[in-house]
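We call the chains A, B, C, D and E, going by the order they appear; numbering starts again at 1 in every chain.
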Amino acid sequence: MEGVIDIRGLSLTFERDGQKTRVLDNLDLTVRRGEFLAIVGPSGVGKSTLLRVLIGLAKPSGGTVAVAPASSDGPALALVFQDARLLPWRRVIDNVGLGLEKLRLTRAERHRRALASLALVGLADLATRFPHQLSGGQRQRVALARALAVEPDVLLMDEPFSALDAITREALQDELTRIRQATGKTVLFVTHDIDEATYLADRIIVLSGSPGRITGLHSVELQHPRHRAHADLRAAGLAVRGALEGELVSDGAAI
Amino acid sequence: MRLLPPLGLLIFLAVWEAVPRLGLVNPAFLPPPSVLPAAFLREFTSGEWLAAIWNSLGHYTLGLATGTLLGIALGIVTGMYRPMERLTSWVVRVLRPVPGLAWVPFAIIWFGVAPSAAVFIIAIGVFWIVYFAAHGAISSVDRDLIEVADAFGFRSGPERLIKVLLPAATPGLLVGVRTAIGQAWMAVVAAEIFGVAGLGQRMMQASSLLATDIVVVYMLTMAGLYGLLDTVFVALQGRLLQWKA
Amino acid sequence: QAPVTARIGVIPILAAAPVFIADREGWLKDSGLATRYTTFESGPNMIQALASGTIDVYVAGVAPLAVARTRGIDIKVVASTAVEEMTVVVTPKLARFFEPGVAPAEAFKRYRAATGSPARLATQPAGSVPNATLQHWLWEVTKTDRADAAIIAMGIDATQQAILVGAVEGGTVREPAVTIVTQRDPGIKVVALGGVMFPDQPGTVIAVTAAFLRDHSDKVQAIVNGAVRAVRLIGTDPARAAVHVEQALGKGIVDGATIGKALVSPSSKFTADPRRIIEATAALQRYQVKIGALDREAPLDGLFDTSFFLRATAS
Amino acid sequence: MRLLPPLGLLIFLAVWEAVPRLGLVNPAFLPPPSVLPAAFLREFTSGEWLAAIWNSLGHYTLGLATGTLLGIALGIVTGMYRPMERLTSWVVRVLRPVPGLAWVPFAIIWFGVAPSAAVFIIAIGVFWIVYFAAHGAISSVDRDLIEVADAFGFRSGPERLIKVLLPAATPGLLVGVRTAIGQAWMAVVAAEIFGVAGLGQRMMQASSLLATDIVVVYMLTMAGLYGLLDTVFVALQGRLLQWKA
Amino acid sequence: MEGVIDIRGLSLTFERDGQKTRVLDNLDLTVRRGEFLAIVGPSGVGKSTLLRVLIGLAKPSGGTVAVAPASSDGPALALVFQDARLLPWRRVIDNVGLGLEKLRLTRAERHRRALASLALVGLADLATRFPHQLSGGQRQRVALARALAVEPDVLLMDEPFSALDAITREALQDELTRIRQATGKTVLFVTHDIDEATYLADRIIVLSGSPGRITGLHSVELQHPRHRAHADLRAAGLAVRGALEGELVSDGAAI
């Protein structure tokens, strides 16, 4: 296979009350090992659905998806859900430790890694809380720590920072970039924030239309660490935006 | 708040005392609570009381445990696997309404006149309640949470069960178990109608002699034992579900 | 004159046959008495029904009545229907030891010697008539060693079932169960008839509430008359009687032949004479107090009213 | 998938037929299914069968309805209001373990030997099951959802109940009701042991005369009626919970 | 009272395992009738908690909150929760209609208003779906429609647009501005996006520290409709950001 993930001719249809809605249509995409690939697109276009297919939570109606086998102890893929989806009966630390229980680790090792992961998102203090005792942003950060903890080959992230304030968000963006550079992880990152996409990604694909198709693909060749106000990023952002707006206009959608 | 439970009980006892005293019900059938201590003392000093409790507690505990465990196990299996649910659905419908009394001959055939037969009857008495509670609780676990387990690689049945289904279904399961804790006492009486000594048999005996006061003494004994267990259970439930608070 | 309706509570056993026969022969109707039956499983439930005023006539065992009277329920026994109902049957395992010429006590002893454990005999709970008569037979009549036999108390149905499957070595049953179990398993043997267990042991009686007696004493007389005639009919024409009983009791559950056999079996002893059981009832109570099944004897005075029976037999 | 339920039933019947035929159980207690049609025909032609069903269905329906409605109502009240729960908690513990049979005298005293007494016994038989299910379901409704109702001004008890508690508790409530639908058939037998005509009485009569085939015919009759009701119920449940699918 | 909402000396403490955490401390705030007040602040500072207190979902431990009575048929306040919190058993249209059931409306009128509100957020097509058949952004928009439908005097919005892509988001921002100008509604708007705050708000308060206090208050005097790239907005943004970063640094928090 070419990349760490190969998607060929992927399409997906939901059925509801006997009526079919095609969400993804004949998608081709190769995710290269080690790259940071951002996916942007309007609400409801099928971004989350795509990630769900990759990790096996949804079955494609057509096409194939190939994922390279895991290269280390950890899993090949880990997903940060769009909603935090913490297990309400587990304390924060045990929520973060969930994925680790699949690996062959001692209890102490598990605890250590969960705590380290929690510290990365700045929540080590809240380790013993239950999810309902957290704020919205804190929950999202715990979900992020849960996926980071298992150290997968590919991190699938579904708008992981959308509930965070600018400062926390920028800190985590930088943290994510650092982790990636240190470990060479592949990241598939869904976001609705174009600045975020250009700041983080090597490549950005624009998903739009109904059913969702890839309508734009932009590379950002700038070295990390990047400067947020760099002109290249600004330019890439405008291009992505153009692709999005163009699609929307041509589609004649309400918004 | 702390005084409400005893207050409620007091009101209840007052009404109970009044009903036979005002002649609304013949005291032969509903002895007022005030005559019960004397009846209790008679039973207690004769040793019957302790022996009956001791025997029944044995049947109760074993029957409740057996029925509950089986009910949970099967409820989980049919709650998790749709084909299993379908395969059993009609059989369940045939066996479900068979009353405890109708199982008595089988209990005698399979276990003889032995405490294990009583255990069997009690187990059946609670089985269905727990089964349906477990089945319902497992099959209505939020799919979003199951997906979390899936996404982290817990895809086999047992893994999924332990990581998500069981903890998520716990509130519903506990409702079933709590109901069973009560139902099992009801079943004790039915289970002891064939030669197995205990509370139920003693009650039947008293009832056939119209010794209602003794019947009520044993009823309250059951209530006491049940109350104790239920209190412990509710405390346990509170601990298990502290994440809900 | 519109017929008076008697609400009759019965336990569906063979001993209630005289009432069914009298009714189905039309004798009650001829006396201006309509009937409505309510079937019960046990005597105590019927006492509660008496107390709630839903039945007028009680056709079941005499034992609960004595107690009921002490609780303020005014009721009078006006006739008997059968006596010496209970019989002792044993399962094949134990029947082997009841060879001809071997006394029961000896048979029990041999059984224990052979198996190492006492023979288990099923009967109803302490305080019931079957229990008392069984104990009387074991300890007083046959002088069985207490180590050789164990009494296991259970419900009537459970007793029959336990005997049939051999979960116990024997027990007390009454007709038509005696006929049915011996038909099902010929190895099951009757080892003692009711008269041997406890002579004249009281069985099913006809009792009426004081209110009904006061308002309709003529109808009570009609019932007793009917019972007397029915007992006679069972003696003279059991086949004809069996048809009625089968209709009332079995309603298709048991065939007429079995009922016919049960009616004339040695375990059935029909009699309408209440006098025959007065002394036996008292004696039974004395025995129950002796074995600790009863705290004290319930007074029997005023429970029996023999005048109806005397009038019925005089005419 | 569609064939699994009848397949399961077939396997069950085959085993049942084999057990007495192979002499594992005396046919006197477990008549093989093949002898049942004859017994059924006898009961049917005599008219007993229809009469028994008709009577029992009446008690069943009324008893189930009464017990379920009361159970839901009280379960909701104690599930919603903590002081009510506390006030009743000890009284519940006293009354909960009182077996159906022990209520028989009261049924007779209060209702006489009348169908209403049977209805009463059946209602009690299902009441506690539904009560605990309702109580548990209501008191474990997600607080986040209750807050939504609150935020939109539905703050009174009844409003909150209708907008959030009831719909959110529906899965749990339905588990209780489904259990009750089965339990009520079990209770029918207990309810008819005193002079109220119906299935239960007929079964008991047959049982006391050791006519096991007829007992089984009525058992299967109950199974059939229950199966019908349960099927309707499951379909209804599917509709009510379509938002879960 | 001075404003449409008067907060005096408000503080709130959570108790957990016998241990107390003070979240809000001695807060004073007057919300003026008709203004658009944005609240920004780091994750976990107490922004959601503040809105919850206002609408009566949380009880303050100290201080007072006064809300002017409703001026029309609708309620005085309506809240868009941070998580969508749709009622899973109600179809989209009935979720939007929830608040309307409190008002004295005919069924038809309710339906009409719910549908109109749904159209505002661009989801009229999905009226008969159940919540679990929606994407994350779609759910959030339904929640928004639900609050808009009841036409409250004051709209409390807890990061209502954080799950939306840039285009949808901007469209909704403009829609919200339009509604406000047409109806004169007061809006209390929690966001973690400083650009959003400056673009929409008349005043911006910065909540920070632990326990949360008001550490900055900025006015944006620009007329609506505004131009997103206007220098005044840029300046206000920098000021807010400064307040946020300053607080974070002085606080020595992990991020």
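Simple rule for what comes next: a residue touches a chain if its C-beta (ideal position, glycine included) is under 8 Å from a C-beta of that chain, and two chains touch if they have at least 3 such contacts.
If you're wondering where the values come from, they're calculated on a predicted model, not measured in any experiment.
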Notebook entry, point to check: Through how few touching steps can chain A be joined to chain D?
Noted result: 2
Note to self: Quick check: more C-beta contact pairs at A-B or at B-C?
What the structure shows: B-C
Margin query: Roughly how far is chain D from chain E, centre to centre by C-alpha average, rounded to an integer in Å?
Written below: 49
Notebook entry, point to check: Where the centres are mean C-alpha positions, what is the separation of chain C from chain E, in Å?
Noted result: 83
Note to self: Quick check: what residues of chain C touch more than one other chain, meaning two or more?
What the structure shows: 42, 44, 48, 51, 157, 161, 165
Notebook entry, point to check: Which chain A residues reach two or more other chains?
Noted result: 83, 132
Next item on the list: For chain D, write out the residues touching at least two other chains, lowest number first.
Entry: 26, 29, 105, 109, 207, 241, 244
Item checked: Contacting chain pairs - touch in the sense defined above -> A-B, A-E, B-C, B-D, C-D, D-E
Next item on the list: Give every residue of chain D touching chain B within the complex, in rising order.
Entry: 1, 4-9, 12, 25-26, 29-30, 82-83, 86-91, 93-102, 105-106, 109, 128-129, 132-133, 135-137, 140, 171-172, 174-176, 178-179, 182-183, 185-190, 203, 207, 212, 215, 219-220, 222-223, 225-227, 230-231, 241, 244
Next item on the list: Please name which positions on chain D make contact with chain C in the complex.
Entry: 26, 28-29, 42-43, 46, 48, 104-105, 108-114, 193-195, 197, 201, 204-211, 214
Note to self: For the complex, give me every residue of chain E touching chain D.
What the structure shows: 55-57, 75, 78-79, 81, 83, 85, 87-90, 98-99, 101-102, 130-132, 146, 150
Next item on the list: In the complex, go through chain D and note every residue touching chain E.
Entry: 144-145, 147-154, 159, 163-164, 167-168, 170, 241-244
Notebook entry, point to check: Which positions of chain C touch chain B when the two form their complex?
Noted result: 42-44, 47-48, 51, 64, 67-68, 71-73, 120, 122, 124-128, 152-155, 157-159, 161-162, 165, 167-168, 294
